[in-house]
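Quick heads-up: structures coming right below.
Look at the two complexes coming up: chain A is in both, with chain B in one and chain C in the other.
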Partner chain A sequence: MNKLVKTQDVTYEYVRRDDDGNVENIVNAIEGINISIEEGQMVAIIGHNGSGKSTLAKHLNALLTPTEGTVWVDGIDTSNEEKVWDVRQKAGMVFQNPDNQIVGQVVEEDVGFGCENLGIKTEEIWERVADALKSVDMYEYRNASPNRLSGGQKQRVSIAGIIAMKPKCIILDEPTAMLDPRGRKEVINAIIRLNKEEKVTIILITHNMEEIIGADKIFVMDKGKLVMEGSPREVFGKVEELTEMGLTVPEATLIGKKLYDSGLPISLPVLTKEELVSEIGRARLSKFR
Partner chain B sequence: MLLIADHLSYKYDKLNKKNVLDDVSFSINKGEIVSIIGHTGSGKSTLIEHFNALNTPTEGTIYYDGKDIFEKDYDRKALRAKIGLVFQYPDHQLFEETVYKDVCFGPTNLGLDKKEVELRAYEALKKVGVEDDLFFTSPFELSGGQKKKVTIAGVLAMKPEVLVLDEPTAGLDPKWREEILNIAKRLRDEDGVTIILVSHSMEDVARYSDHIIVMDHGKKLLDGTVDEVFEQAEILREASLDIPESTAIMRLLRKEGYRVNTAVYDADSAVREIRRTLRF
Partner chain C sequence: MLRDITLGQYYNTKSVIHNLDPRTKILGTMVYMVSLFAFNSFWTYLIAFAALVTVIVLSKVPVRFMLRGMKAIFLFLIITVLYNLFLTQGDTIFSFWIFNVTIQGLKQAILMFFRLTFLVVGTSILTLTTTPSNLTDGLEALMYPLKLVKVPVAEIAMMMSIALRFIPVLTEETDKIMRAQKARCADFDSKNLFKRIKSYVPILVPLFISAFRRANDLATAMEARAYRGGDGRTKMKPLKYKAGDWIAYTSMLIYGIAALAITVLINFQIFMLKA
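The block that comes next holds the complex of A and B.
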């Protein structure tokens, strides 16, 4: 498979200055990061607040460029200033707060905004906007005013705005953190659909572990470093390590682990509710036969 | 009863041609932790803005400590010191050059003398656990969790009787979420401050509240204890909400024929209940 995103020994230094502009100290927000993401994958980046996950994400669409090391997006070195817009067209970014991302007065207009900046012909923009809105199930709201939408709907409009630019990859930085439970589900379902049906590569940053049970790969960041990477089953199998880093695991995984620790012979790790229930049934039969 | 909403209505949203608040009544007792939950646009924010008279109802009123706060002669300025609002985005509430100055702002505005202001600011910062070495840094250099602590301290320095927290944990990681909610719990347990929590996290709400009020399209949908509210999974889902994940797991077990109690809201209680049912 094609490596869509690749980083090699990426370090980003953050310089803190005092009031007079003198350097106070230099902090490595991220350090020595090597990751690669294949085209069509859905990957997650997790880590506590300040672990460097957002800094890493911002490197993947050239919002930041590394102090040391290299980031390639679809083969383009993101430090090449002439190619910044190519990188951003290939890897679009959706942020946490939907209210800060919406600029248009009408949904359609907002979704077409990015395409307009790319200099695409008007006719094609309309086509792309319609397709993008359909792909996140927001087409029927195309003529609505964005400020009348719910948080989940606004966030899907933001995603459509990126989709309309036909990126290969979407980076979402805690897109569900501000949403109510239904909004969260709507946005996650839209993201999963884009990945499965439109083959868009997804890079999702989140604190909600239930959202990434189906991911192809999870990267775990701690204190600016990549400390773990693997499938959800591999990563969530390490409950103690994750807890020590201040992270959680899916609730079913946690309950499964605690039941196992108290003597119920279930196979670990369990990821979903359904898996947990059937594991409890199986373990019960073997234990109490 | 400390705070009573009495047939409160607020008609404002001309765009959507509907009431933002529609005949909402409930009461909150002194020293309770009450959560208000509801979908985006359900009226939660408008509702809490009525608690300290930032908003004026179209119909109905609010009684605080037995007095109608929208009466002409009611001292609403004093009320705003008694009912402290902590907004969702710390960046909208912080503005001074240093953390310490920021926390001094509220009590200074109350007209207290300098010594009292400084004492209160110090106490408030200690109460929320802000370290001394952060007192003279800019609040904007702090992490999201630290900023939240400082905004809470800024409100605490006015010695409120009620603390209203609007989505205090949105965007925070699990460790910070717990830390912020434990501050609220400590304030209630140690100082008897009544806490009103607005949240989208069903887990947090279940874990910390004595009482939950559920809003839906401007109306009060449910009002009861944690058990009473989270028993209504279908009603909650219809209102764009949900039940905690542990509760959903227990309900699934129950559906499969296990005789578990479904009034369970966290992993440890779930494990206890499963062990009790399976007898191991």
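The block that comes next holds the complex of A and C.
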């Protein structure tokens, strides 16, 4: 399959300066990152606060360019300044705070904003906006003011604004962090549907482990370095290591692990509630046999 | 409570005036304003009045909404009228104490009264029948020639439209901060004016900090969506003139010619009488 996003030894130095502009110290926000993401995948990047996951995300659509190393998006080197706008069209980005990324005064105007920037013809903008709003189930709100929407709805409008630009991948930087449980569910369902039905590559940065059980791949970041990578089953199998980094695991995984540790012979790791129930059932049966 | 402030004063209904292109409405308002200052005879004001009434009727906006704007300038209006009434030199009608009321003064006062009233009502029709975003679009299009002298017209329009978008967000935030400070015993209702002004500092500081943070976030989000200034942008809702706009422009022209013709005629008469 095609490698859509690839990074090689990416390091980003964050230079802190004092009031006189002298260099106080240099911190590597991320260091030696090598990842590759295939087209059509849904991958997740998890990590503690300050682990560098947002910094990495900003590299993937050229908002930041690496101090060392290279990032390729669909074959384009992001540090090539002439191609910056191509990169941003190919890799769209959704941010955490839904209020701070909506530009338009009406939902449809906001969704069209990216297309206007790309210089797309008026008629086509209208088509794209309608399709994008339908794909996140917000079409009936197209004439509403963003101020009247709930957090989850605003976030879906933001996603539609990116989809209208027809990107190859969407990077979502903690899109559900400021939402209530219902809004979270709406947004995550919209993301999963885009991945499954429209085959858009999704890069989801999150704190909430329940959201990424269905991901194809998980990257774990700690202190600016990539420390783990693998399928959810591989990553969540290492409960102790994750806990040491200050990360949680899905509830079912944790309960499964605890049960195993206290002597119940279930096969680890358990990812979902349903899996846990059937595993416990199986373990009890084998015990009584 | 702060959330109840409606944005601008747009009155939502469907009418021929609402349907006009914002450029037409802005230019029309300008023509009207100029005409009020350029012409000052009884007959031209009668025409101005007739034009105003026609537009009000066509706009379907209740008259009380138009008169709302009068409240703001009420004091100013009274002072202007009294100033002209008492302090204009000329043929005295009657006088008392130190005041002299003259014919010229009386005429001038009445003229000023109608001029200001027409001005306020006329401009409020523009804001009542045009949405803020439409108004920005119109202004952007009309300012377009300024691009030749390197004025960043598109960027200014973008700034205006973002400001409009964030007014409700920031009012909500102010509300929240106010409540938070009230919970910590801040007193916003002090009778002492100085104290009251001072009590708003703890609101403004966090509000500004958050506004800057929002601005920063928004700038990043806009850049991520490939915003690179006004060049090369297309429009999702381009402005297009319709038949109604040409009728409006023709009416404006007729109005201007009529007012001009009457002024010329009157001046000619005065000239003849003097001769």
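As a working rule, the second predicted complex is superposed on the first by the 289 of 289 C-alpha atoms of A that agree within 3 Å, B and C clash if a C-alpha of one lies under 4 Å from a C-alpha of the other, contacts with A are read in each partner's own complex, and residues count from 1 in each chain.
Operating definition for what follows: contacts are C-beta pairs under 8 Å (C-beta built on N, C-alpha and C of every residue); 3 or more make two chains touch, one makes a residue touch a chain.
The model shown is predicted, which means the values in this text are computed figures rather than measured ones.
> Does chain B (first) or chain C (second) touch A:194, or do both, or does neither?
A:194 contacts neither chain B nor chain C.
> Which partner chains sit in contact with A:280 here, chain B, chain C, both or neither? Use first/second/both/neither.
first
> What is the contact status of A:93 with respect to chain B (first) and chain C (second): first, second, both, or neither?
Only chain C; A:93 stays clear of chain B.
> Return first, second, both or neither, reflecting whether A:117 touches chain B, chain C, both chains, or no partner chain.
second
> What is the contact status of A:30 with respect to chain B (first) and chain C (second): first, second, both, or neither?
Neither partner.
> If you lay the two complexes on top of each other, which residues of chain A touch chain B in one and chain C in the other?
145, 147
> With touch defined as at the start, can you tell me which chain A residues reach chain C in the complex?
Touch list, chain A to chain C: 61, 63, 85, 88-89, 92-93, 95, 97, 99-106, 108-109, 112-122, 125-126, 129, 145-147, 161-162, 165.
> So in the complex, which bits of chain B are touching chain A?
On the chain B side, the touching residues are 15-16, 38-41, 143-145, 167, 170-176, 200, 202, 237, 240-242, 244-246, 248-249, 252-253, 256, 258, 267-268, 270-271, 274-275, 278, 280.
> Can you list the chain A residues touching chain B in their complex?
Answer in residue numbers: 48-50, 96, 145, 147-148, 150-152, 174, 177-183, 207, 210, 246-248, 250-252, 254-255, 258-259, 262-264, 273-274, 276-277, 280-281, 284, 287-288.
> Chain A touches which residues of chain C in the complex?
For this pair, the touching residues of chain C are 132-133, 161-162, 164-165, 168-169, 213-214, 217-218, 220-228, 232-238.
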